[in-house]
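Mind having a look at this structure? Questions to follow.
Order as written gives the chain letters A, B and C; numbering starts at 1 within each chain.
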Amino acid sequence: MELDYTFMIETFYKVWGGIGTTLGLTALSLIIAAPVAFYMAVLRIKGNLIGSGLTQAYISFVRGTPIILQILLLYSLLPSFLNVVVKSLGSDFNVFDSVDPFWYAVVVFSLNTIALLAEVFRSALLSIPKGQLEAGVSIGLSEFQTYCKVIIPQAMVVALPAVCNITVNLIKGTSLAFLMTVKDVLAIGKIAASYGYNYIESYLDVFIVYLIVCTVIQLAYKFAEQHVGAFRADA
Amino acid sequence: MLLSIKHVRKSFGNLEVLKDVHMDIEKGDVVVILGPSGSGKTTFLRCLNFLEKADAGEMDFAGMHIDLSHPSTKEITAVRKKTAFVFQGYNLFANKTVLENVTLGLTTGRGMKKGEAEAIARDALQRVGMAERMDYYPSQLSGGQQQRVGIARAMAVKPDVILFDEPTSALDPELVGEVLKVMRDLAKAGTTMIVVTHEMKFARDVATHVIFMDGGVIVEEGTSEDIFEHPKEERTKKFLHRVLCHTYE
Amino acid sequence: MNSTRVFDPSMIVQVIPDLLSYLDVTLLVAVTSILLGSLLGMILAWARTGRHRVLRWIANGYIYIMRCTPSIVLLFIVFYGLPKLIESMTDYDINDTNRAVFAIITFTLLFGAYISEVFRAAYQAVPKGQYEAAVSIGLSPFQAFRQVMLPQATVIALPNFGNSVINLLKEGALAYTIGLIDMIGKGNLIIAQNFGAYGVEIYLACMIVYWIMTTCIAKGFLRLEEHLDKGQSLRAKNPARAKARMLPVWKNVPSLMRRIQRQG
């Protein structure tokens, strides 16, 4: 099989240009999701029946359905929904023309990441022995202080490998943003591919870009793990 | 001669743990191997059953002459079928009941019929006082009970010799007695045993032959009286002094 | 999408039977990929735990690459690249092959990589002493693997295997992007027939079907785990102990009654 190498190299640079969108989408989703997910984790552990039950249902629904359907659903729902809200506020802002689909993607991936992170945070919090809380309270800290100073820092270290997994999966998952006409790595590759029917060359480019990005992210997490996990015997 | 081993050598990386070790055993012998930790006694025992591969050595056993550095699969299987091993950490099969633990070596290992195997297993469990717990899983037993089942598992296959690797070291002090009693009974019944242990009283009372190892070599060997009453080597004396004072304080 | 239409919940119920008639395609792709992928995963796990350095290196590299590849990119590479590759090598045109085949190849490659990790970790989680004890009483290495290691590793692997199955089922939803008419493909056809209307309702209907399936699979694996777990964990059901716990209550009721009567 003959590959068109000039095309492949040219396209590689084009595809590489989409990396800002891919990483931006990933980072924004993580930053938005993290605090909400943490709140949900606490609700699952300490919340009343309704709060904990609703959270559990949300997590189960998001984790139990394909992300591609979540994208398709929200992409049919969000613009019209936003339009209704804007119209009822009496503004003549045109939602359909003026909102970059990137922001719909941010909403979709944030909602998805919340559910995944909430489960990770919950099990991380539960993994910290109860004696840590008791020791904190025994030296005169409030329960809240003990959580902030002792338990949460430990839990975050426990959660780090799982958060790394979620990040890698999220980066891969954002490749579906092309369904919402977002111009990320895959979308650029797809456009280049259909232009001259050089499918394999461009998808191989896309594949290489993801390989590089995921490797860098994993190395970064490994580095972080070694530094914040210094207090653990096995770290 | 039931079993004879010569010139056994074994290194882990740069560390030479066995330097030319030998041993001869007659039927009915109870050989106890003593020595400080790290002296190579456990490694030696594991080499006998090919759980560890020796770098060099020869074994004469059951009409076979085996080069320990290049044992054939056939030889390994043959030796393992004629010996049994009792582990420090019991190693009972977690997915099998007490009875199944004992029958597995007979049915799968030796192709015996299930009913026949169960009769033998019941008898073995009776002898170690575990017949009432046949349907339990290992996780539901105390350490002492698990080790008694481990011994029953070894007895059941009617081996020519049973190898014991520190069978009481992982046990709580109050559970050591029940396991040692079972081992005494076995010795009384004429079972050939090679025992690595730190239980000095057991060694003194039961052993027909005592080997003292240190630094990968056999320092001294003899009857239990030779070793315990009239040790010749300085290293043996020092070791016994340290251990016995500690034990009988 | 542009019309601001009222949401019609009854439509969800209406389309579900129509969608379900295409569920078999979705399930066929998923089940075939899981079976073939498990086979691939076993080979990979065997290569990774084995002594052969080159094999180990290849398996590790393969798993790493799969971990970094978005499923949809792999799907596109297989769908567009494989026919070209085969045509250039054998002059054989497979462009007309059923699209399900491309989906199955893709998901087999992915599932094999994920599941080999599960298999390897489970096998290595069984203590080495279990194997040693088995060969020490005269079992052959294969018998030791079959009778002692495999049953224990299976129970350990089960929860993660279940998770991977659920993930694969969800990833399988991507297959419609190469034009396979599975459940979602059918849903899109219905939307197209209605000139873009009912998107929300139909996607919701699909999600409900997936939600029910994944929840049932998760429950099923939990049951299976309890059933296979023989005393390895504390959760295990154990006839002897259950009996021991129940009998005293049983026996005590009459004696308790008698005591009460005497006191009265």
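Going forward, a contact is a pair of C-beta atoms (placed from the backbone, for glycine too) under 8 Å apart; a residue touches a chain by one contact, two chains touch by 3 or more.
Because the structure is predicted, anything quoted here is derived from the model rather than measured.
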item: Centroid-based (C-alpha) most distant chain relative to chain C; value: B
item: Chain whose Cα centroid lies nearest the overall Cα centroid; value: C
item: Centre distance in Å when chain A and chain B are each reduced to the mean of their C-alpha atoms; value: 56
item: Separation of chain B from chain C, taking each centre as the mean of its C-alpha atoms, in whole Å; value: 44
item: Intercentroid distance (Cα basis), chain C paired with chain A, Å; value: 23
item: Contact set on chain B toward chain C in their complex; value: 49, 51, 77, 80-81, 83-85, 87, 89, 91-97, 104-105, 108-110, 135-140, 150, 153-154, 157
item: Footprint of chain C on chain A - complex, ascending; value: 1-2, 60-61, 63-70, 72-73, 75-77, 79-80, 83-84, 96, 168, 172-173, 175-176, 186, 190, 193, 199-200, 203-204, 206-207, 210-211, 214-215
item: Residues of chain C that touch chain A when the two form their complex; value: 1-5, 65, 67-74, 76-77, 80-81, 84-85, 88-89, 166, 170-174, 177, 184, 199-200, 203-204, 206-207, 210-211, 214-215
item: Partner chain B, residues of chain C touching it in the complex; value: 127, 129-130, 132-140, 143, 147-148, 151-152, 155, 230-234, 236, 238-241
